[in-house]
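Each chain gets a letter, A, B, C, D and E, in the order it is written, and its residues are counted from 1.
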Amino acid sequence: MLDHILSILIFFPALAAMLGFVVTKDSMRAYGIAVAFVEFVLSLWLWYAYDPMISGMQFMESAPLIKSFGISYLLGIDGISLFIIILSTFFTLLGIASLTETRHVKNLIITLLFLEMTMVGVFAALDAIVFYVFWELSLVPMLYIIGAWGGALRIYASVKFFLYTFTGSLVMLVGMLFMAYFYYQATGQWSFSILEWYRLILPENFQLWLFAAFFIGFAIKVPMFPFHTWLPYAHGQAPTIGSVILAAILLKMGTYAFIRFSLPLFPDASVYFMFPIAIIAIIMIIYTAMVAYAQEDIKQVVAYSSISHMGIIILGTFALTVEGVSGSVFLMIGHGVVSGALFLLVGVIYDRRHTKLMSEFGGLASVMPRYATIFGIMMMASVGLPLTINFVGEFLSLLGFYKQSHMITLTAGTAIIVGAIYMLSAYKKAFFGPVTNEENRNLKDVNRTEMLGLIPLVIVAIWLGVYPKPVLEPINNSVESVIQLMHDKAQSQEAKARIPNLSDVSGMNSMQEAH
Amino acid sequence: MLDSIHISMASLNIATLAPMLIATVGALVILMIDLLKGGLNKSLYIMVSLLFLLLDLGSLVDFGGVFLKNGTVLGFFDVMLMDGIAIMAQIIIVVGSMLFIPLALTSKRFHEYNYPEYFALFLFMIAGFQFMVATDNLILIFVGLETASLALYTLIALHNRSKSFEAAVKYFTMGALAAGFFAFGSMIFYAISGSVEINQIATVLAQDHYSNIGYVLVAVSFMIAAFGFKLSMVPFHTWTPDVYEGSSAALAGYMSIVPKIAGFVVAMRLFEFLVHSGVVWLQVILYIGVVVTMTASNIWALVQSDVKRMLAYSSISHAGFVMAAILIGTTQSNTGLFLYWTLFSFTNLGAFTMLWVNRQKNLLPGQSSDHPYEKFSGMVKTMPMGAVMMGLFMLSLAGVPPFGLFWGKLYMIGAAVSGGYTVLALIMALNSAIAGYYYLKLIVYMFMKEPMVGYEKFYFMNASHSLKTIIGIAVVGTIFSVLAVNPLLVVITQFVYNSGY
Amino acid sequence: MEITLTHYLVLSSVLFAIGLIGVMRRKNLLMLFFATEILLNATNIAFAAISHYIGDLSGQMFAFFIIAIAASEVAIGLGLLIVWYKRTGKIDLDQMNSMRG
Amino acid sequence: MELYLYIALFAPLVGSLFSALFGASAKTSLTGYVASGLLFTSFISSVLLLNYVLGGHTVHVEMMTWMATGNLYIPFGFVVDQVSVVMMMVVTIVSTVVHVYSIGYMDHDKGFNRFFSWLSAFVFSMMVLVMSDNFAGLFIGWEGVGLCSWGLIGFWYHKESATWAANEAFIMNRIADLGMLIGIFMLYWNVGSLQYDVVFAEIGNLPVVITTWIGIFLFIGAMGKSAQFPLHTWLADAMEGPTPVSALIHAATMVTAGVYLVVRANPIYDLIPNVGIFIASLGAFVALFAASMALVNRDMKRIIAYSTLSQLGYMFVAAGLGAYWVALFHLMAHAFFKALLFLGAGNVMHAMHDELDPFKMGGLRKVMKGTFVMMTLASVALAGIYPFAGFFSKDLILEVGFVEHHYVIYTVLLLTAGLTAFYSFRLVALIFHGEERYKLFGIHPHEAYKFMLVAMSPLLVLAIIAGSFKMTYFQLVMNLLPATQYHVHNQTIFWIMTIGTQLFVIGAILFAYKKYSNWNSVPDGTSKMEKSFGYKLLWNQYYIPKFYEEVFSRPYLELSKVAWKEIDLKIVDATVDMIANAIYKTGENTRDIQNGNLSTMLRWMVFGLVVLLALAVAFTVGYNAVGA
Amino acid sequence: MFEAIAFYLFAVLTIVMFTITVMTQQALYAITAMAAGMIFISAFFFILGADFLGAIQIIVYTGAVMALYAFGMMFFDTTRNVVEKRTNTQIVFVLGVLAAVMVVAIFVAPIASNNIEALYPVDAAIGNTQAIGIVLFTKYLVPFELAAVMLLVAMIGGIVLAGKKMDKSLTLMAEEDIGSMDDSLESKAGGH
């Protein structure tokens, strides 16, 4: 079974979703939880069976799909994708378990299960086209979730989300095809296997163009400034569950893809574009933090904060050092947990008051102390307090980039300041002060169902902040192989210099030699 | 005074006529049956048609085997040309027709199906298309084209309402003008090469090193105009939306597939050698034509308020997309053309059948067309499976993987990239994105809006078992196309490559 | 003064252009059909001339088939006009714009 | 000994979590007792460790890996050495006292349990901060205390000013933390490790420029936590928190973390004397600057806060001049008497129903004897009168300045010492002497619980006798810190200085008493002095908070709004929508091409043909031209 | 010389006739002019030695096609003036003239090719009609047969469209009404 565990992971939810059409409406929630739980356990088993010492791909599966065009059903995971897969199954489980939506629950759960399939698929795919298939397919359930269960502007938001991402992806597709064609020219064979592509060394000018093509697809998904404007709408209109999954998993697809595609395929271009992208990352960090500060709707604050955090992830990714890239992968998980939790939390209050405007609240800390506590913990995690999950990622990302540029890191480091500003002020507006609105006086504190969703997240957020090793170690090993691959493939002097060579390094000594 | 002419039967290769003859005979049989005993139910004719189409298909498959073994077969003084693309195009034509003809079995009664002649004309039309693709003689192409077109005009008009007459008249008139273009263009080719056979024309032009460049270009201009009409390239496309709107949804779906593939094959035969001749002009013109067609029709599709008109514009856009294959002119692109069209057939047939299924007899109150978007609002609430299937077709048309058309787009864009047309590939990609909007619009109506009061009952107005079966086939073809792509590619590549394209 | 192929081609082009003008100009559908006949006839002259000058019969064959096609078109065209006329009582194409956009 | 280390470290955490369990429920005294008991355990463990360290040993444990990736390896490592054990002692003593005191102080507060949870959490963070064996661990504690400080300043979250102050404190600290973070990054990329031992062993091999930058960035971190100019404004505002919090966090422990950092990183700062001088100068400046603001303030707690700030300046002077042990010593002594002072202020506040303006008090010595004695003694200690703790530590700093020939600094510090004495006794005089002005406001003051006073007594003792530990202390820390003795070698000058200083200070005290002990009215802002420019300047804290508000906070908010409403919505998003709309509009505007008229359609066809022909002719002409 | 005179004469005549066809307001003039033009065109065929084509031209066009049109005109009653709304007439002429000018511009250059070979050479020994017959029934047998099919299609199409059955549209009728109609319709259909 382990030989096909990835396929099982991918298609089990889809199959279950199909069968779900038969399940009656009342039992659908239980069914959904059961399926998601099984899936989550399977993913945990995957972790258990995963050998953290091997840096390469594991649980590989391969079957020709379109042989004459080199497309094959190629799956495999490494330390980078493993945990995002677990995160996906985890959040689907949490999402369904803490679901408070009452309209058309059956459709919603079926959609969520399909979405789970696409999410796992994206992270498990090693064939560019299979990757693309899941990547695009993930838009459809999300479109439906936002469009059917969303707020007043839901149609605008969902269509914008879909079209924007779709457009970017198509440009990326052209890039993929070009890449495959390049491979064809070099070897006489069509192939879309990423692992095969890794072996290609492209001329630098090709790299630049291809990098740009992939970049557009990924940047819109992340979303990077200035392609980010779909996100606030999507979050603003999406139901809680949609926002949670969107923030926790779907955004990670973009950053994951950078590490899976852009870095190892185009090392020279990655170095070439490092600084422009770092500048964008800085804009994302500071500018969106400012925008978040100006928001009146607490969900928008969290939405913009997502963009800001994604900026740090991007920065870490383009640090092109083991520390930075590991950090960014870890931060993907961290941000997933934290922003997912924050959206869940916003959902809790929205369910009670049907408004997300901070001016409507105030003094919630005295009315809903448990809620305020959990929110506070997650807020602090979001702000990147040490011993919470986000700190590890942010610290490593910034640390990693420091090697490349001091000034940029210093500027980007203001994330910890501006992040604190908008988060704390939002928290202050909603939770502190006297209870001014009579409607808030009798609000119920978080109930059992909601706790079920939130407590695990709190535990994870702190556990991985205190003891990130089980996750960080596999990530590190896989990232090291990526960086080494990049170094070996790099052609330009600058790239060779910027991307560390790990193979002849043992311990600290070489570090000083570098200086 | 006159030498007797000796012709051996073997050299005639009468078998090359078999597929078309089967269709023609089928039509005649239907006419006979009607003569012998009138007033028979349409189901009889439908089944007879299906039967003959099946025979037709059988003979084509047989030809396919022969082709793979022996290569191109010529017949009847080299008028008939059974090469790979001819066989494939005919298979698409016949299969498309076989999927179409059961759509006549609606639960409502429509005028055209009361005529046995309708089915006879339908078979004649198929024969016409088959002749058109199975030759490189401009005369036979012309006659085949006209046979098919004249039958088609009649079929459209037989729907018998003023919109369908209007559609038929428009189509006919523009068709007559296009026929004039075709004749004039052929005339110029004849003038400079002394031949009306494309192969021969190509040879002579090559020998002359295209010294009569002006003539060639004028001839090509006329030909592009003629085929631009047939393939609905902008600005020769204007008939398409009106004709689709005027005719029944079933026939509109059919028109979006079968006549076009016939046109593509002829265009391929005619333009391919010109593209490769190094005449930059043609490449430029085709480039512009392809881009304008794709983009403009997409933009117009955005603003439609009727689903059928939207699909009409969308099919123009798809045709433009496919025309790119001829521009690129590599084996891969031509393979892509057939792959694309095969996959497109299933999806588009499905989409139009969905329209056909919810066709009501009279216009909805307050609406001026059969299939306004509003009709579909909230469909998921009242008819979830129907909405899901329609959504599926829309996603496929938009090119969302892994549904049918995605693989076609993938391969076509891939062909553009490897043919050196990177910018074109980007334009194709971006156009797919624009197209996403109007397909999405329908999905938005179906899945995200509340049902309109009083419209609920229209969703499956016209459904019957055979229609549902066809939709089922289209759904299966759309979802599981990924499994079919590889075998298709292998076969198509072999056919295309061995035909010299 | 010798009449060359060019003369015929030019004549054919002129007639074709007249046909085009007719097609674009006519609003009476029946008279519009006349113009399409002119298009085909213009081509026919050229076919016959080319056939003559290069001594090949294919051109005449083409012209022959064009005549057949023209005849068939008339039949269908008139048929369409008749149903249209029966339904609306008009053959003016300006009246025929129920579909647009 | 490792066991004691872990007990010392984790006992507060256990206490905190235990209290947190009851966080949302009504007051249970149990939490107070448990938390205090655990802290006492921690204190006992610290004592045992101190004993062990006094024996010349150190304890160094590595609990587990925290972060490890690439070459980065950060463990949870803890070290109990001569420096950290001193800090541990300070922290555990003061916090134990504060905990016990708080049981009484917070008696009637709804958030009793929550308070203890936060407070113990703070102690835990502080312990992590001082015990960590690497910079990353230090940073954990660093941020941890910041968090707890946020929670405790904003403890009464229904008060707008409290939450505002909490956020201000957190954000200002964050600004400094960024500097610290950058310093850590620099260390990592230049040394390859963040372990103290590795860093200090390697630091000498680095170019001075890099070391300088490292020093500067680390000090920026210290500036935030220790509220040095220009990041000082939060400290005064932080007085919104409950008074025990002010005692523990904003006087004794957290704010001294910056000093601790500089002391801890002494091998780095030894290499960069220029930065040291800058630190010292800044320290001296802050000492005077803060003291000046304390002169006119009318908020009891703020006055003490400014005094804290001023004393922190002293510590930085010492640290900057390389007298790390002196800095640490003053840190310790200051912790005791300042905590005492704050707790006394707490008693007064309780008695006065949270009234903070000393002008509205007066004559309290009658009803609050214990408190009066304690605060007076604490003030004496603060003023540096022999033989109280302050004398030994503070005068030492003056000597350091003198010995190191930084006479300007010396002079400034001397002046500040006078000011300190003045404002301290201004406060004491206003509160405890003179007329009972509180009667005007209908308040009936009462002395605090007995056990609170008892709880304070250890601090009182320490404030008096801490100076006598000087030599023991010196012996202890010289293992780790540069063992420079600062003696003015000329005996005459030494005595002149010492006695002179004492006289100056006593003079200041007397002046304060004279001026304020018979105060009989509440100033209403009409007196001449109050209208003078100098007074206003000091009263408004040199207009710095206003300046920050006008130059940073408000523009930032405005800019944020512009970023959102003008840029994000009207430019970035509008561009995207504009593209989409442009496409759609094009469709709307051109759909009339399809006007349904057959004539138009035919014309379009012919038009297409003509265009093609035109292109054909053009191309032919061009082709022939090129051919010819 | 004779050839030239004939060419120019008939060229002018056809052009005039067709211009009348296109330009006149009178349907009757138009059809008459067109018939004349068709006949003049057949003259070209005779000049060019395509006797068979000439004959066919006269028979088919003037015989069949014109008869059909004449029938149509009677049916539509278009002998009276049809008021045609003219819009953008300039564009029409500009486009037409442009097309002619451009094509002519190309056509004035003689065709230069040494590679044109007659596949079906005109044999002076046998008559045009005979030669046509031979080619038509060998090489062009398939198009010829298909043309027959095409004419059949045209015939069926014409008959069906113009037939009485088209008068009532089942497409537009409600299902219930069709049920009552069915018998009468079927009896009629069976009748012919």
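One rule holds in what follows: a residue touches a chain if its C-beta (ideal position, glycine included) is under 8 Å from a C-beta of that chain, and two chains touch if they have at least 3 such contacts.
Given the structure is predicted, the values throughout are model-derived calculations rather than measurements.
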Those chains that touch chain E and also touch chain C are B, D
Set of chains adjacent to chain B and to chain D: A, C, E
Relative to chain A, the most remote chain by C-alpha centroid is chain E
By C-alpha centroid distance to the whole-protein centroid, which chain wins? A
Contact-count maximum falls on chain pair C-E
Farthest chain from chain C, going by mean C-alpha coordinates, please. D
Whole-Å gap between the CA centroids of chain A and chain C: 65
In whole angstrom, what separates the CA-based centres of chain B and chain E? 27
Centroid distance [mean C-alpha coordinates] between chain E and chain A, Å: 69
Taking the mean of the C-alpha atoms as each chain's centre, how many Å separate chain A from chain D? 35
Shared-interface residues of chain B (touching two or more other chains) are 139, 143, 146, 150, 153-154, 157, 160, 169-170, 173, 177, 191, 194-195, 214, 217-218, 241-242, 303, 437
Pull out every residue in chain A that's touching 2 or more other chains. 163
For chain C, residues contacting two or more additional chains: 5, 9, 16, 19-20, 23-27, 33, 54, 56, 58, 61, 65, 68-69, 72-73, 76, 79-81, 83, 93-94, 96, 98-101
Pairwise, which chains touch? A-B, A-D, B-C, B-D, B-E, C-D, C-E, D-E
Complex interface listing, chain E residues touching chain C: 1, 3-4, 7, 11, 14-15, 18-19, 21-22, 27, 30-31, 34, 37-38, 41, 44-45, 48-50, 52-53, 56-57, 60-61, 64-65, 68-69, 71-73, 75-76, 78, 82, 84-86, 89, 91-93, 95-97, 99-100, 103-104, 107-108, 110-111, 116, 118-122, 128, 131-132, 135-136, 139-140, 143, 147, 150-151, 153-155, 157-162, 166-167
So in the complex, which bits of chain A are touching chain D? 160, 163-164, 225-226, 228-230, 287, 290-291, 293-295, 321-323, 326-327, 363, 365-366, 369-370, 373, 380, 385-387, 391-392, 395-396, 398-400, 402-403, 406, 409-410, 413-414, 416-417, 420-421, 424-425, 428, 431-434, 445, 466-469, 472-473, 475-476, 479-480, 505, 507-508, 511-512, 515
Please output the residues of chain E touching chain B within their complex, sorted ascending. 102-103, 106-107, 109, 111-119, 125-126, 130, 134, 138-143, 146-147, 149-150, 152-154, 156-157, 160-161, 165-166, 169-175, 178, 185-187, 189-192
Considering the complex alone, what residue numbers of chain C touch chain B? 5, 9, 12, 16, 19, 23, 29, 32-33, 36, 39-40, 42-43, 46-47, 50, 54, 56, 58-59, 61-62, 65-66, 68-69, 72-73, 76-77, 79-81, 83-84, 87-88, 93, 96, 98-101
In their shared complex, at which residues does chain B touch chain D? 169-170, 173-174, 177-178, 181, 213-214, 217-218, 220-222, 224-225, 228-229, 235-236, 238-239, 241-242, 281, 284-285, 296, 299-303, 434, 437
